[in-house]
C-alpha cells in the first residue's frame, strides 16, 4: 500500500446518511491507498460501513466530504469510464435472460460488437468453469453457479478493478472454499486489482494481500494488515499454518477491539 | 346536399316519416342526403344542436322553449305532430279516479327535458310535487313500465303509441287501468316538431335546404300514415339494435298516425299559444318565465307547402 | 383443470339458489294476475308460471340460457338480433379503446417513473379522474366529439380507453419500479443510459405487472364500451342491446346481453392469460 | 385561437417548469408534496378556462371552471342534499354492507380450498357483469330509493374485496404458518393472531379500490330510476335542462368525495398496517 | 447417544418429496438416538436434508417411511403436546406485534394466565439480554437482536426440546460468537435437549455434545461424532486447542467425503 501511483486513493472520506431517525455517520475520516494488482479485503462487524465504502469507490454513493480518486480521476468519472466490475452479495442475475444473456448485458450496454460479445462470453464462462451452461436460465443453476455467473458478468468487459461485496456470503462452507481457491487463481491470472468485502476472517486472510479492518459507529479503518503470505498460489491447507493463524489472530483482535457492541 | 337529423329517441315508428322519406327516395328526389341519427336516454338533442352535431332535430316544444330561455336559440320550422300522445297511466286498484286523487300518491315521470308538461299540469292543478302528504311524490322513471308493474308507482308516464301498449302486453287489461291523456286534461303541449338553430336561418342556402327537407319529410309522413305496414317494415329495417318487432311497430305506427293526421307540417298558432300559456302557468316555478320571441318561423313551411 | 369440479359445484349451487329466487321474485306477479283474473293458483301452476313469464322480474336460468342460445346460434351472425353481431361490434371498440388506454397508461407510467415532477403531479389527479362517474361524462364526450366531426367508433373507444388506462398506469408504475436497488445499481456500475435501463431492466421486469393490469384493463375497457354504447345513439353493441331490452322490459334479453358481456370479458381475460403464459415462457420467467 | 387560449398555454409551460424545479429540488419536503400536484391541478383548470374561452366553446357543451364555481357556490344546499342521498345513504350503506359481507365470506371460504377454487372463478365471472346492465335490474328489485343504490354498490364492491381478502388470508409465509404449527395452534388462534393481521394490507388494497367503485355505482344506479334528488338524478336531468354548470358541480362533488373517501381509507390503512414495509416510510 | 430412554429416536426414516421434476429423495434410512440433555448439531452440505430432518422431528414434515419417536410418542403427538420450541433461520417475528407481543404469542395460544405470561416474557427477555426492548417493534431492532427475540419466543413456554435451524446463519462472525457463547450458557442452565442445524464446522464443534454429519442425494447420516470437549462451560478460546482442531478436522473430512459436488 505504498508506491507512486495508487489506483484507489481515499483521503479523509466522510459519509453521513440523513435518515428519518436522524443522521447516521457511516464513514469517518477514511484514508486508504490501494495499488494496482492488490487484493484488498475489508472486514468488520455488521454495519461498520464496508459496503458503504465499496459503494463510494464505485460512485454508487457520494462521500459527504473528503477526496476519493480512482485511477487518478474522481470516482464518478471512473464509473463513467467503466473502470470496474462490481459483484454484489446476491447474484442479481436477470431471470429473463439466460446465463450467457446475463453476461452479455454489460457488453450490450457498452456497445461491444456482436462478434466480440460472443467471444468474451465464451471466454469468461470458461474462466468461471461454466462452459455449457450459457443457455440455461439462472433459476436452473445452483446458488454457487449463479454466483460464479455473476462474477463472469463482472469480468466480461475486462475492467481494471473488481469490487466484490460479500460475494460468497450466501454459500455453504465447502462451495465457498472452492470458489475462494478459484478466485485466487483468477486474480493471479488476470492481475486485476480487487476490493473484497467479507465477514469471514479465514476468507479475508486466505485471499488478500491487504486486510482492512474496520470498526463501526462511525465507520473507521482501525488497522490495515499486509499479508506475509505468498502472492503466488496459496493451497487451501495454508490455512492450517501458524503464519496464517497469526494473521487471523491479529485480525480477530482488531475486530474485537473495535466491537463496542450491542449485538 | 347533406342534412343531419337528430332524433329524440331510439329508432321506432314515432319517427317513421323520416325513415319512409329516406327509404322511398323522397329526400333524394329533393337532392338531399339525409343522415338520420337515433337518440337515446342520455342524448339531449338540444345539446347536440348546440354542439353543431346536427342541422335539425326532433324535439318537444316545452324542452325547446326551455332551452331557448337558457340561451340556446332553437326555432321551430315545422310541426308534423298535431296532437299530444302523452298520458298518465294508473292502476285502477290504487283508487285513483280523477286528478284530485293524485295527492299522496307516487307518480313516475320522465326527466331529461320530458318533465315539463307534467310539471305544468301539476301546477295548474296546484298540486305540489315535493313529496309532501298533500302533494305527489315524483319518481324519475327509467326506460320502461316496470314501476307500474312492480307497483312502485301508482301512475307512470306513458305514450299512447308505446308504453301504454307495453303495459297491456305485460298482461294488464285496459279495464284495470285508468288513463289521463294530457290532450283531454287540456294541458297538451306540442310534441315532435322540427327545430333548427336560429343563426343558421339567416343563411338563404340553409333555408332553401330546410324547405326541401320539410317538404320531403311531410311527404314521408303522409305516406307512412296511409301505409302503416310498409312504414313499420321500413322502421324495422333501420333499427340497428334488432330489438323492434314488426307487430309492435305496426301498432305504434297506427297510433302515431292519429297524432300526425291533422297536421300538414305547418305550426298551428292556436296550438303554439296554448303550449306557451301552459308552460308559463307554472305558478311559482313555471317552465318558461316570459313569452318567447321568434321561437318559430312559418317561412319554411310556407315555402315547402306551396 | 383441477378447478373444474369445484366450479361446477359452485355453479350448481348458484343455479339452485337462482331457481328459488326466480320462484320467489316472480310469484307476486303470478298471484297478482290470478287475482285480477279472479282465479286461484296451485303450487304446480305457480312453479310453471314463474319459470315461463315473458317478462319476469328474474328470468329463470333456462330462460337466460335460451336467450343466449337463440342470440348466439339462433340467428345468422350478420342479423341485428344476433348476439354474435352485437358482441363483435362491442369487441371491436373494446380492442381499440384498450389499445389506446394501454398505450396512454404505459407512456404516463414511463413518464412518472422518470420524472419526479410528473410522479408528484399526475398520480393524485389520475386517481381523482377515476372517481368521476363515466356514465355521466360519456354523453358529453360523445356530443363534444360529434361536434368536431368524430362519430362512430372513436368516441366510444375513447371512453373505453379512459377506463382502461388507469389500471395499466397503476400496474406499470409499480412494475417499472419493481427492479430492486441491486439491479439498478448494477446498471449504474455499467454507466447504462436511461433508455438502456428502461429497455433492458425496467420493461422486462415489469412484464408480470403488465399482464396483471392488462387483465383488469381489458375488462374495464369492455365496461367503458358498453357504457359508451348507451348514449351513442343507442345503435349497435351489447350496450345498445341492454338498453333496448330495458326499454321494452325484455328482461330475458337484458340478462342474455349481460351474460354475453361477461363471457366476452372472460374470453378477453383468458386470451391475455394465454399471451402471458407464452411471453413469460419465452422469456424464461415461467417455471 | 384568441389570447386567452395562448395565455393558458403559456401558463401551462411556465407551471410545468416551476413544478419540474420544485420537484427536483425540494421533492422530499412536505410542502412540495402538496404544492406540485396543486399547481398541476390549477394548470389544468387554467388550460380548461383558456381553451373554453379562447375557442368560444358554448357553455351548454362545456362550461368554464369559473362558471362551474359560481354555480357550485349558489347551489350548495342542493348539492348537499344530493350528496347525502347518494353518498351518505347509497354509497356508504352499500360499501359497509358489501365490504363486510365480502370479508365474512372470505373467512368462511378460507377453510375450504375446494370452495375457494370454485368460488373465485365464478366470482370473477359475475364481477365482469357490466354495472349498467345490473343497475336497472336491482332498481327493479329494490325500488327507487337509496336501497337499490346500496344494492348496486354491494354488487360492485363485493368481489374486489373478496378476492383481495382471500389472497390476504393466504398471504402468510410458510415460516409463519410452520411457527403456528409448532405451537399446535388452533384454527381460531392462527386466524386471529396470524392470518387476519397478515391479510390487512391486502384487505385495504381492496377497500381502497372499492371506494371509487362505491361512488360510481351509487351515482350510475340513479340513472335508472330514482327519487327526485341524488347526484345521478341531478346529472341526468340537468343535462336535459342544459344546465351543464350544475352537471359539472355534481362531478366536482363526486371527485372531491371520491378522493376524500380514498384518502380516508388510506389514512386508516396507515394506522392499521403501520408495521408493513410500505407504510414505514 | 446410548442409554435407556432416548428423547428422540429415528429408525430407518425415509422421506421422498414428489416434485414436478420427479421425486427427490431427501432422507434415506436415517437412524439416530438423542438422549435427554444432549446438544446435537447437524452439519452437511447444502441440500443434504438437515432442515428436512429437523422438520420431521418437529412433525412439520412426515417421513415417507420409518419410525420417529419423540419423548416416546409419535412426532405428531409430541407436536400436539407442545414438546419443543423451534427457532427458524429467519427470525420470523410478526411485524405487527412488539417484541414482547411476539414472545407472548405462544403463551397466548397455550392459554397461560395473564400474570404468568408477563412474568415469563420478562424472564426470557432477560435470558437473551433484551430487557427494555419489549415495547419495540421487530423492524426497529438489528438482525442479531431479532434472532435473539425469536430464541426467547421459543424458550418462553419452556418446552423440553429446543430445535434450531441455522439460527445464526445470517449474522456476522463476532455477533455469532457471542450468541454461541450465550446459547451454551443457556443450555447449561436449562438442561434442555437441543437439535441444532449449522453450516459452520467451528460452531458445530464448539456447541455440541454430538455432531451429526450428513451427506446429500439422498440425505444420509455418514457420521455421528461424540465430542470429548467438556459438557460444562467452554470458553471461546477452546477453539484454538488441538483437541478442538482434531474434532473439526474429523468433521471436515466427513464432510468432504460426502461432498460429491458440482458447486
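Just so it is clear, A, B, C, D and E label the chains in written order, and each chain counts residues from 1 on its own.
To be clear about the criterion, a residue touches a chain if its C-beta (ideal position, glycine included) is under 8 Å from a C-beta of that chain, and two chains touch if they have at least 3 such contacts.
Owing to the predicted nature of the structure, the values given are computational and were not obtained by experimental measurement.
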item: Chains touching both chain D and chain E; value: none
item: Two chains sharing the most C-beta contacts; value: C-D
item: Distance from the mean Cα position of chain D to that of chain B, given in whole angstrom; value: 38
item: Chain A and chain B, separation of their C-alpha mean positions in angstrom; value: 84
item: For chain A paired with chain E, centre-to-centre distance based on mean C-alpha positions, whole Å; value: 33
item: Contacts with two or more other chains, residues of chain C listed in rising order; value: 57, 135, 139-140, 143-144, 147, 230, 246
item: For chain A, residues that touch 2 or more chains besides their own; value: none
item: Residues within chain D bordering two or more other chains; value: 61, 136, 140, 223-224, 236, 239
item: Touch relationships between chains, expressed as pairs; value: A-C, A-E, B-C, B-D, C-D, D-E
item: Complex contact set, residues of chain E against chain D; value: 55, 58-60, 79-82, 84-86, 88, 90, 92, 94-96, 105-106, 108-110, 137, 139
item: Touching residues on chain D, where the partner in the complex is chain E; value: 173, 175-176, 178-186, 189, 193-194, 197, 200, 273-277, 280
item: Touch list for chain A against partner chain E, complex; value: 45-47, 142-145, 148, 171-175, 178-179, 199-201, 255-256, 259, 261-263
item: Contacting residues of chain D [partner chain C, same complex]; value: 16, 19-20, 22-24, 27, 32-33, 36-37, 39-41, 44, 61-62, 114-119, 121-122, 124-126, 128-134, 136-137, 140-141, 212, 215-216, 219-220, 223-224, 232, 235-236, 239, 244, 247, 250-251, 254-255, 257-259, 262
item: In the complex, chain C residues that touch chain D; value: 2-3, 5-11, 14, 25, 57-58, 115-117, 119-125, 127-137, 139-140, 143-144, 147, 219, 222-223, 226-227, 230, 238-239, 242, 246, 251, 254-255, 257-259, 261-262, 265-266, 269
